[in-house]
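Some structures are shown below for you to check.
In the two assemblies presented below, chain A is common to both, partnered first by chain B and then by chain C.
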Partner chain A sequence: MPAIPQKIIHEYLRHDKKFPHVWCAGCSNGIVLGSIIRAIAGMNLSRNDIVMVSGIGCSSRMPVYVDFNTLHTLHGRAIAFATGIKLHKPHLKVIVVTGDGDCAAIGGNHLIHAARRNIDLSVIMLNNNIYGMTGGQVSPTTPYEAYATTAPYGNIEPDFDVCKLAIGAGATYVARTTAFHTQETQNMVKEAIEHPGFALIEVICACPVIYGRLNKKGGAPEMMKEMRDNSIPLSAVDKLPPEKVQGKIIRGVLHKDIRPEYCAQYAELMKKAQAQGGSK
Partner chain B sequence: MPKKVEKDRIGMIIREEDAPEKMEVELPEIKETGDKSSPVIIYYNWCKKCGICVAFCPTGCLGRKADGSPYVLAPEKCTHCEMCDLLCPDFAISGAKEH
Partner chain C sequence: MSNSESKNSNTTTIKENKTNSTSKVEELQNQKGRKTVLMQGNEAVAYGALDAGCNFFAGYPITPSTEIAEILAAELPKRGGVFVQMEDELGSICAIIGASLAGAKALTATSGPGFSLMQEGIGFARSTETPCVVVDVQRVGPSTGMPTSCAQGDIQQSRWGTHGDSPAIVLYPDSVKESYELTIRAINLSEKYRTCVILLLDEVLGHMREAVRLPDISNVRVISRIKPTVPPHWYKHYEDNEKYPFPLASFGEGYRFHVTGLTHDALGFPTNKPNEAAEMMARLKKKITYNIRDLVQIESFQMDDAKIAVFAAGITARSAKAAVVMARKEGIPAGLLRPLTIWPFPDDAVRKMLRNVDIVIVPELNQGQLVREIERLVKDRSDSKLIKIQRVDSKLIPPQDILQKIKEGM
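Now for the complex of A and B:
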């Protein structure tokens, strides 16, 4: 399958914004943005039917650069704003781009309740294991014993598995991938947009400038190679001995089912109430 | 002559009456390697010299200059696999068959 060429991606960017973009050299956010644009370009969706919503953080700068309907909102509240948009105009495809701190720490409450409602949003969580924009504080997904500016002797908190949280809260499409696996990310974004219900994709990203430097991971190419070598597809987990699976990133669609969608139920309720005369 | 892209702004979400119907934005001229026959085109004014394209080029077609930016070392080795395209975080390299 030939990839979508770079010149098509350039057509989806806002050239009146300052390019090159704000992210550091080697940051995975640009790679993920490329995968998202490729997925949307491959689906032949109109740009006017897509809304990209984000909160605050490095990854949340993403909607600034793309030519869709975009919303750059409060810290952690991206899913709350997206819920409002989806309820007002259910035909729009709402994509939420958020970081690990934005989604799992400050916006954790919105994440679990959107998953519980099963509202048709596609949440793409870029997990770089640290608060990159504010200088490298510990985030809920910083691994145990990793270093951060607020954990100079190593982090003593266990890290958060956001995928398991989303499955537990009732999300109907949960997947995990890494920024290196661009084709996989592209396919997952496509599936998430088509999925009728709440979809969460966790994309493991590299932050070479802050996380990489504090944890002596090398530069961007080394971190990308680690992502490639340290992850296994879900289909291979059963075939491998448990000691080889220990500590690896498991990629793939972790959970998928169908439940009634919130907007559809709301429309039905409205019809029912209007038929009764709406007296209650 | 900069290329012009037409932007369609009918689908604004909140107040449709506020939306200008069409808006034209000028694309900035992106400096290329200058050589259209080269298999890989590098947009140097967008490149941040992270070295990902050189590290992941499977055939060794790309090399690295002293300042860290990539250049086409061996044009005959390029297979148009588009690995550099897919992995470039800055949209600054194109290895497609047709540019």
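Now for the complex of A and C:
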């Protein structure tokens, strides 16, 4: 990881206003925030041109701490708010920070339709496999048979592969990493922001205080080690025997293609409408 | 307020705001450029939105409001505005709030079921003081009800539909022309008082065609938010003030403010401090109560010597006015009071106008929503009688039914 001077971190955080943060000790959210800030700091973007939008949940508390245009919205609706912002001011870089419940349960419809439109949003989904803010309820990404306060006998539902969902819906940049892999996260955030279309990054996160406790995962260090040992890069998948891939988190850019971006399409539509004549 | 907001009517329009009370009928008729055309209420809303400078519409198809979306889908791109059909009404209200935060004049249109889905977003716009307009073309409910039939069932929902205490501004036209005028006024008020303003329409009005001559665009008074001029580090997105409009920054203009639906302080950051929560709630309430004269519009027809008053809004007021005319022909001293602003409810104006009235008749297309407010105002008066006419079978109340009650009252 290249050293980023402390002062750059300070420049991007509202350090004089909103700290200490709300996240528990051992939570991955701060690590991911660090990766996001380092990515942006390396991109020569004006803070005035960045909008960070979130929904509701632990990870969705992130915008309050950063010195951008920031919007903390309703549960599940971050992508819809972001769509409005991006369409009105397409030059803004709109980053959506969301969680697994916010993005894949209550907000699932907005996710798939934004992906289908290929609108230029960078969605960073922090997946901690549980509803942390409300105290540990089962989420659409809680693994099969894992425990949650609303799955006290083990989860009987299969978990969502949100990356596959996004690819199926038409997202043009889809990547997965973990909070342990900070440099990888940073690179992906940069790529997602630069990508001209709908980008989704799933960052596997640790919630040691709730998910870890309910599922006897040990503390934060053990969960970090698990992210390291239980994940393999996409590039290694083909070289490994299937049994070594089974059950692992596959990290890397899972999908990337280029097709017309929604705001650009809309700009073309406006030209067409204007060429066809004035108002009634 | 503006020329376009004045009342084209041969009746006396008494508005609480005295400066706006002059009739602009003659001016409108003398304008050149726009012809008299046959127009639907929904069309009038769409053209009102465009004339008020609306440049962002996000919506979802629903009968009987869809024509508004269809017209704006054709017209907005021609004028450099955005039309987007969202995946549902939840997305629609959120997209217009997002666009407004980025500086757009944003509007959505829906009907009962969609209006219910938008309630959480409406509360967000009111809490975060973000200008936007929601048009609700009411249809028969509850639930899916009768999509192409008329009811006035959303009167209380438009005030109390979202959870928590919040201010509401709700306008209610009774004609196609007035649908145009009140759409402009709704957008103006949303920009001025930075809140979500609701325009209630009746299904019949949305689809009914009337001959309308829209004013020349140069005669439409448009209010837009003012931009802050202070350095960014001085800017407070929620400064307590008594004067509206006051400067409002948008995303991407260098101010980098925070917006949250959580209870927030003057800078917009979430707070748990009781004094800051109290300040925010007081500001939301004060912006309505301190500006009631600017917000309230009420039409008073034949009320000077009236002993019997009909209090009605929207399409029902059309029947009521016909009933009053018939009663007057028979020598009965009847009059009509019609609120153009139903929320905030015009308490003082109505109380004053009902002072010399013996009987109040409240006809409405629901099981008693508007009448609750009149009951509240006359409950201490032993000298007045309240007569209710309520109809919920999808049909309008004909003037004869109201006339009959007027006669029974005598």
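Quick notes
The rule is simple: the second predicted complex is superposed on the first by the 274 of 280 C-alpha atoms of A that agree within 3 Å, B and C clash if a C-alpha of one lies under 4 Å from a C-alpha of the other, contacts with A are read in each partner's own complex, and residues count from 1 in each chain.
FYI, contacts are C-beta pairs under 8 Å (C-beta built on N, C-alpha and C of every residue); 3 or more make two chains touch, one makes a residue touch a chain.
Since we're looking at a predicted model, the values are computed, not measured.
Of the two partner chains placed around the shared chain by superposition, neither chain B nor chain C is touched by A:125. In the overlay built on the shared chain, the residue A:207 is in contact with neither chain B nor chain C.
Residue contacts after overlaying the shared chain place A:13 against chain B, while chain C stays out of touching range.
When the two structures are aligned on the shared chain, A:274 is found in touch with chain C, with no touch to chain B. Contact with both chain B and chain C is seen for A:67 once the two complexes are overlaid on the shared chain.
Once chain A of one complex is fitted onto chain A of the other, the partner contacts of A:221 are limited to chain B, with no touch recorded for chain C. In the superposed model, A:113 makes contact with chain C only, not with chain B. In the superposed pair of complexes, A:28 makes contact with chain B only, with no contact to chain C.
After overlaying the two complexes on the shared chain, residue contacts for A:192 are found with neither chain B nor chain C. Residues 47-49, 51, 67, 69, 85, 88-89, 92 of chain A lie in contact with chain B in one complex and with chain C in the other.
Across the complex, chain A is touched by residues 50, 55-56, 58, 74-75, 77-80, 82, 84, 86-88, 90-92, 94-104, 106, 120-121, 124, 251-262, 267, 269-270 of chain C. Per the touch definition, chain A reaches chain C in the complex via residues 17-18, 47-49, 51, 53, 63-64, 67-74, 76-77, 80-85, 87-89, 91-92, 109-110, 112-113, 266, 269-270, 272-274, 276-280. Chain B contributes residues 5, 7-13, 25-28, 45-52, 54-56, 82, 85-94, 96-99 to its touches with chain A in the complex. Per the touch definition, chain A reaches chain B in the complex via residues 2-3, 5-7, 9-11, 13-16, 19-21, 23-31, 34-35, 46-49, 51, 67, 69, 85, 88-89, 92, 180, 182-183, 208, 219-221, 224-225.
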